[in-house]
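Shared between the two complexes below is chain A, which has chain B as its partner in the first and chain C in the second.
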Partner chain A sequence: LTGGVAVLPAPQNLTVLSINMKHLLMWNPVAQPREPVLYSVEYQGEYESLYMSHIWIPSSRCSPTNSLECDVTDDITATVPYNFRVRALLGSQTSAWSTLERPFNRNSTVLMAPRMEVTEHGLHLVVKLEDPGPQFEFLVVYWRREPGATEHVKVVKSRDTPVHIETMEPGAMYCVKAQAWVKAIGRHSTFSQTQCVEMQGEPL
Partner chain B sequence: EFRFGPCRVEGVVLSELWEAFWAVKNTLQTQDNITSVQLLKPQVLQDVSDAESCYLVHSLLKFYLNTVFKNYHNKIAKVKILKSFSSLANNFIVIVSKLQPSKEKDMLSISERAHRRFLLFRRTFKQMGTEAALVKAVGEVDILLTWMQKFYQL
Partner chain C sequence: LRRCLISVDRSLIEKSIPEVKRVLQTKDTFRNVTILSTLENLKSIKPVDVCCVTSHLLTFYRDRVFKDHQETSLEVMRQISSIANSFLYMQKTLEQCQVHNQCQCSQEATNATRTILDNYDQLEASSAALKSLGELDIFLTWIDENHQETSTA
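The block that comes next holds the complex of A and B.
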């Protein structure tokens, strides 16, 4: 209470969960018995915090929101530290701002090994890769399973899957693995599990 | 990545810059009614050698960060423009932070040539009234990005 007037508490424990360049800001709820509480999210990049720290920009998706999380992926468009703040809204009441403890930089996102499906179609290896977004490219590595095999590498943009890899020899076994690469942050994921497929037909 | 001569810059996706500018291009360029003046005129950006490019882009982007964006900010009414400026400015910060223009003596004549180009740009900017110059400089970000694109490798 302040001067006998109930003060709306600020949201606590702001954190960012970032996987595959999807960034989710989360916070604890503000408990209020009667009415639903709304929340408003704002951000500033390194430029704003360096050159004009009074400038905060309303988040694209959560100004306001009744959720306890906010997808801030579209707000983060540079590989620099971003500050975030959240406040609660209840009727005409607004809480103080609660600010993310440490600025978030998208280069800390967790990059998962890509999900991959390898099939054979008329002596072609067909590699289907999940599409996590336009920022992603894939390194597809494939080889013929035999002693001393040479690895071949193909760089694929996320929109260009499934990938048809050139003609293979009938009856031979081919193996494939892939990793994701994000240019904007200069990082790649671990490799996916290797998958092997036998080509139809009698060996030459 | 960008390759301004010996200077390399990773971690900036040029399409993100274009996206930010296209979102506000019409709003910005309709504010500029002085069509007889161009800040980023051919003498500034034409026939820039690779060696000069690192010096010139460093000077231009720092000017945009320290002068243009900073002073144009209080003219911004719409949130959409605020977001675009934030995207441009924060990516310009990444580029500037990664550029390391050489200070070697044998590069002096090249850096001076680049500096003369920049001075020409800044002199034209100063000759205009501040407000008009800010509006024009912001509206010419597409000229700047088009020139920077020549040094961008996919």
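The block that comes next holds the complex of A and C.
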């Protein structure tokens, strides 16, 4: 209470969960018995915090929201630290702002090994890769399974899958693995599990 | 001497800048005046000067243009923030080059950016900022052309 007037508490424990360049801001709920509480999210890029610190920009998706999380992927468009703040809204009452403890930079996102499916189609290796978004490219590595095999590499944009790899020899076994690469943050994921496929037909 | 190269985020060129240009150029009342027009004749800038000119112009936008512009549209504000923070990231990349002495400034490069600043100062700050934001595509195209591994600018 402040001067006998109930003060709406600010949301606590702001955190960012970022996987494959999808960034989710989350916070703890503000408990209020009777009415649903709304929340309002604002952000500041490093430019604003350094040169225009009074400027906070309402998030494109959550101003306001009744959820306890906010997809801030579209707000974070540069590889610089971003500050976030959240406040609670209840009727005409607004809480104080609660600010993310440490600014978030998208270069800390967790990059998962890509999900991959390898099949054979008329002596072609067909590699299907999940599409996590336009910022992703893939490094597809393939080789014929034999002693001293040479690895071949193909760079693929996320929109260009499935990948058809050139003609293989009948009856031979070919193996494939893939890695995701995000140029905007200059990082790549670990490799996927290797998958091997035997080409139809009699060996030459 | 390895050239200093930066890459431009495609979403900047394909989304943020066209959006800002579309909205702001309708408010530009000084149609026959340009700020960055000199970039048309910067084609003669030698590759070794590209880093310095880029750095000066990023600083110009950071310290003058983004500050002098007052924006009321939330969507345009978001796009300008996106551009300003991307420029900040580019500048950090260029700073790596300056550390390795790859960002020398010839007199010609300094004169080129001096002309742009003079153009800016001819107008009242908010008008000049509005025009400069509307001309961002000129600057980004110039960066894109001059910061390619194989560019022959």
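In the analysis below, the second predicted complex is superposed on the first by the 204 of 204 C-alpha atoms of A that agree within 3 Å, B and C clash if a C-alpha of one lies under 4 Å from a C-alpha of the other, contacts with A are read in each partner's own complex, and residues count from 1 in each chain.
We adopt the following convention: a contact is a pair of C-beta atoms (placed from the backbone, for glycine too) under 8 Å apart; a residue touches a chain by one contact, two chains touch by 3 or more.
Predicted model, so just to flag it, every value in this text is computed and none were measured.
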Practice task
After aligning the two structures on chain A, examine chain B and chain C and state clash or fit.
Solution key: clash
Practice task
Using the touch definition from the top, say if A:47 reaches chain B (first), chain C (second), both or neither.
Solution key: both
Practice task
Answer with first, second, both or neither: which of chain B and chain C does A:60 touch in the superposed model?
Solution key: both
Exercise for the section: Applying the touch criterion given at the start, work out whether A:184 contacts chain B, chain C, both or neither, answering first, second, both or neither. Expected result: both
Handout entry: First, second, both or neither for A:77, with chain B first and chain C second
Key = both
Completion exercise
The intersection of the chain A residues contacting chain B with those contacting chain C is 45-48, 50-52, 55, 57-58, 60, 75, 77-80, 183-184
Handout entry: chain B residues touching chain A - in the complex, by the definition given at the top
Key = 1, 10-13, 16, 19-20, 65-66, 69-70, 73, 79, 82-83, 86-87, 89-94
Fill in the blank from the handout: Counting only contacts in the complex, chain A reaches chain C at residues 45-48, 50-52, 55, 57-58, 60, 75, 77-80, 82, 183-184
Completion exercise
So, in the complex, the side of chain A touching chain B is made of residues 44-48, 50-52, 55, 57-58, 60, 75, 77-80, 107, 135, 183-186
Problem - Touching residues (chain side chain C, partner chain A) in the complex - result: 7, 9, 11-12, 16, 62-63, 66-67, 74, 77-78, 81-82, 84-89, 92
